[in-house]
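We call the chains A, B, C and D, going by the order they appear; numbering starts again at 1 in every chain.
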Amino acid sequence: MTEDQPEAMAGEHADEQAEAHPKEHIAPGRLQAFSDGVVAIAATLLILEVKAPASDEPVWAGLRHEWGALAAYAVSFVIIGLAWIHHHNLFHQVRRVDRTLLLLNLGMLATIAFLPLPTATLGNHLRGHDATAAAVFYSLSMAAASGWFTLFWQHLCRHPELLHPAARGQSAAARRQSLLGPVGYLAAALVAPASPLGSLGLSALLVLYFLAGRGAPAGRVRIRSGG
Amino acid sequence: MTEDQPEAMAGEHADEQAEAHPKEHIAPGRLQAFSDGVVAIAATLLILEVKAPASDEPVWAGLRHEWGALAAYAVSFVIIGLAWIHHHNLFHQVRRVDRTLLLLNLGMLATIAFLPLPTATLGNHLRGHDATAAAVFYSLSMAAASGWFTLFWQHLCRHPELLHPAARGQSAAARRQSLLGPVGYLAAALVAPASPLGSLGLSALLVLYFLAGRGAPAGRVRIRSGG
Amino acid sequence: MTEDQPEAMAGEHADEQAEAHPKEHIAPGRLQAFSDGVVAIAATLLILEVKAPASDEPVWAGLRHEWGALAAYAVSFVIIGLAWIHHHNLFHQVRRVDRTLLLLNLGMLATIAFLPLPTATLGNHLRGHDATAAAVFYSLSMAAASGWFTLFWQHLCRHPELLHPAARGQSAAARRQSLLGPVGYLAAALVAPASPLGSLGLSALLVLYFLAGRGAPAGRVRIRSGG
Amino acid sequence: MTEDQPEAMAGEHADEQAEAHPKEHIAPGRLQAFSDGVVAIAATLLILEVKAPASDEPVWAGLRHEWGALAAYAVSFVIIGLAWIHHHNLFHQVRRVDRTLLLLNLGMLATIAFLPLPTATLGNHLRGHDATAAAVFYSLSMAAASGWFTLFWQHLCRHPELLHPAARGQSAAARRQSLLGPVGYLAAALVAPASPLGSLGLSALLVLYFLAGRGAPAGRVRIRSGG
């Protein structure tokens, strides 16, 4: 009778819940596990875009030739790591997942899994003739990836019943703060025509600002193992 | 005595269960974790098939040249994301996993892990001379991947004891609805000779229909963290 | 006080356990999660070794040209899937992980993560002039990967205290059965000089035999979510 | 009321905790799951850097040509596997994760995800004219990856409240022992100009020493499933 306890519990309660709450509510646990997988893979695939010095190429010269790709790797890895932190902070505050959150999450994952492409593009072009276009493409991709958090909070502000009660009071502030990412990366796109390297530097500055725990929900909410 | 609690419990109950139920029953928890991994990786590998503009190629022209690959990426990513949702909904309703389900699952994972190949093929050929063959290959691959759900439900209809009691009444409807995927993608294959782009568009429409929560079990059953 | 419950429990019990049992015992839960990750990724990376038809190559001809790679993909994917099933069955019966099991597991993972290389080699050469060598390399790699299970059971037969009590009586039989994999793949290596395709066919037959639940522990023990 | 139990618990306790402990404390569970993902992927991607013999190349000659890449694969895989073991041992002793640990962990993951690049570089060059530079790059990368553990323990020695009480007495010893990795790999870098192969051999010796459970925290602390 106690065998398969987690499953048995899930099953019996599922039966009870069939009446207890609407069908469109989805719990956040498995969604996070799948999202963790996609985000971890996207971050780790980035290094495949940096070419190892070929066997007929001097090692240090080959690595110097890839400095643009290495810089793009470093910035993108940390951006994806920050997205993971923000994602966890957000879903830590979510009590139920509705279909809109599920689809927003799928869209965000598609955008994050896309980031190796602009990262490779910037890595190929940062030293070249078309660096401006590469920096614009990179910054716009980052703006798109971070923009999903604003959509998440917009939806959560309108549907506070999806949040844990203690998180409801902060959702308007979280939505406001979530704008910093897309606005900052759009600013980096605007800087690109003047200086492609400056544009990447601005993204790096934004990342350092987030890392310092300022200006974003990441610094204000805890990640807990229950979530 | 309380150390290693989850393992200790698993172990002692395993001993009791050795008599309590037949050996071929397998619980769905670990199966889902492994399946999540394969599905998340297959989705994230898709972007590797889109070529970043090389350092001697203009950025925007290079990306325009890849628009077919980008469109295929977007459709395939969402199809794999939907397969993940369907997979979870299905196994949320499964109480015990028998050997047939285990093998069906392995077959489905092999098909999903295969999808980067037809996606890359369609991406390479959507603008080219052999676009029809690529669209047929792509659509048939998607039909094969989604067809496993019909086989799953066929088996579950014949073995309702594998389902949670509350899910047994819906299994015939779920089997019927699961036909929409393979039938729809077969229709996309038939459209390919007339218009390869139209064939991809039909797959995209099908995806939007599923995303809207219609015509598939995804819209009817909740994902819960227990499952 | 109830916050962070799993961690708090882990922590307090850890303190008690420091005296309660020897330091070399390691619980199997996290080991399985990490192993699942490596195995799922190795299986999913296999498809990257099959080349999509290039944009200037007819689609069906390109795929026909890759039939060797496709056959190798299919056999390797199912072999890795079976390894995952065997791995879970084995660790489901393990109560404590000692350092030897930890190192055997690391060795097995290194061998499984290696399998995309012989798979790609066989895919490149099955239709070519050096197909025998490729089939020998492939079969020996599979023999090495499956041979770890014999080492696992050899160690568990000598240290039954690592097993759940109910599993101890079967460990000698499991060790004997675990020989079928390495012996079968060695036979496939011996067949290769006569017929490389026959060698791959023999591996496929072996896989079908395992899939049918015969001759291997996979058919006799259940996977449970607790393990 | 019992539905979604883990989430509901997490939510309600989160509310209570808002007062109970400072906001910067983060529990280690999810951090480990994400870290597991990145580490497992980095280890499994390594094999992609070993080139399978092309279809017009003899198989054994092609593999012999890759012996440097194969040796680098073996050493790097085991180094990453050891890093996973050390990472688990460390976080098993951590009770709460503060922002500094979170950022140190992100830095360590970025370094581990980077390792396929120096591994591919060494693989390409170990038989070539620039083997010294490749061995220096490889050794310095390993020193950097292992150096994070010293920074972790340095922080934990200063903030013992982050550790489980029973682990506090050992943190100074763990910090001292964590120096063996970076110091050993720096020694391997110094050996490189005399003998690049000897440098890789020294790293392999260091790995064998860790595998034997000596000189590093790995041999002294248990991994448990609760952590």
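Following the convention adopted for this analysis, a residue touches a chain if its C-beta (ideal position, glycine included) is under 8 Å from a C-beta of that chain, and two chains touch if they have at least 3 such contacts.
None of the values given here were measured: they were computed from a predicted structure.
Rotation angle for the C-alpha superposition of chain A on chain B: 90 degrees, rounded in steps of 5. At the interface between chain C and chain D, two copies of one sequence, fewer than half of the residue numbers in use appear on both sides, so the contact is built from largely different positions.
One finds 23 Å separating the Cα centroids of chain C and chain D.
Chain A and chain C have CA centres that are 33 Å apart.
Residues of chain A found to touch two or more other chains are 3-7, 9, 13, 17, 27-29, 33, 37, 41, 45, 48, 224-226.
Remark: chain A residues 9, 13, 16-17, 20-21, 27-29, 32-33, 36-37, 39-41, 43-48, 50, 52-56, 58-60, 62-63, 73-74, 77-78, 81, 84-85, 88, 92, 95-96, 164-166, 211, 213, 219-227 touch chain D in the complex.
Looking at the complex, you find that chain A touches chain B at residues 2-11, 13-15, 17-18, 23-31, 33-34, 37-38, 41-42, 45, 48-49, 97, 99, 102-103, 106, 109-110, 113-114, 116-117, 120-121, 123-125, 127-128, 130, 133-134, 137.
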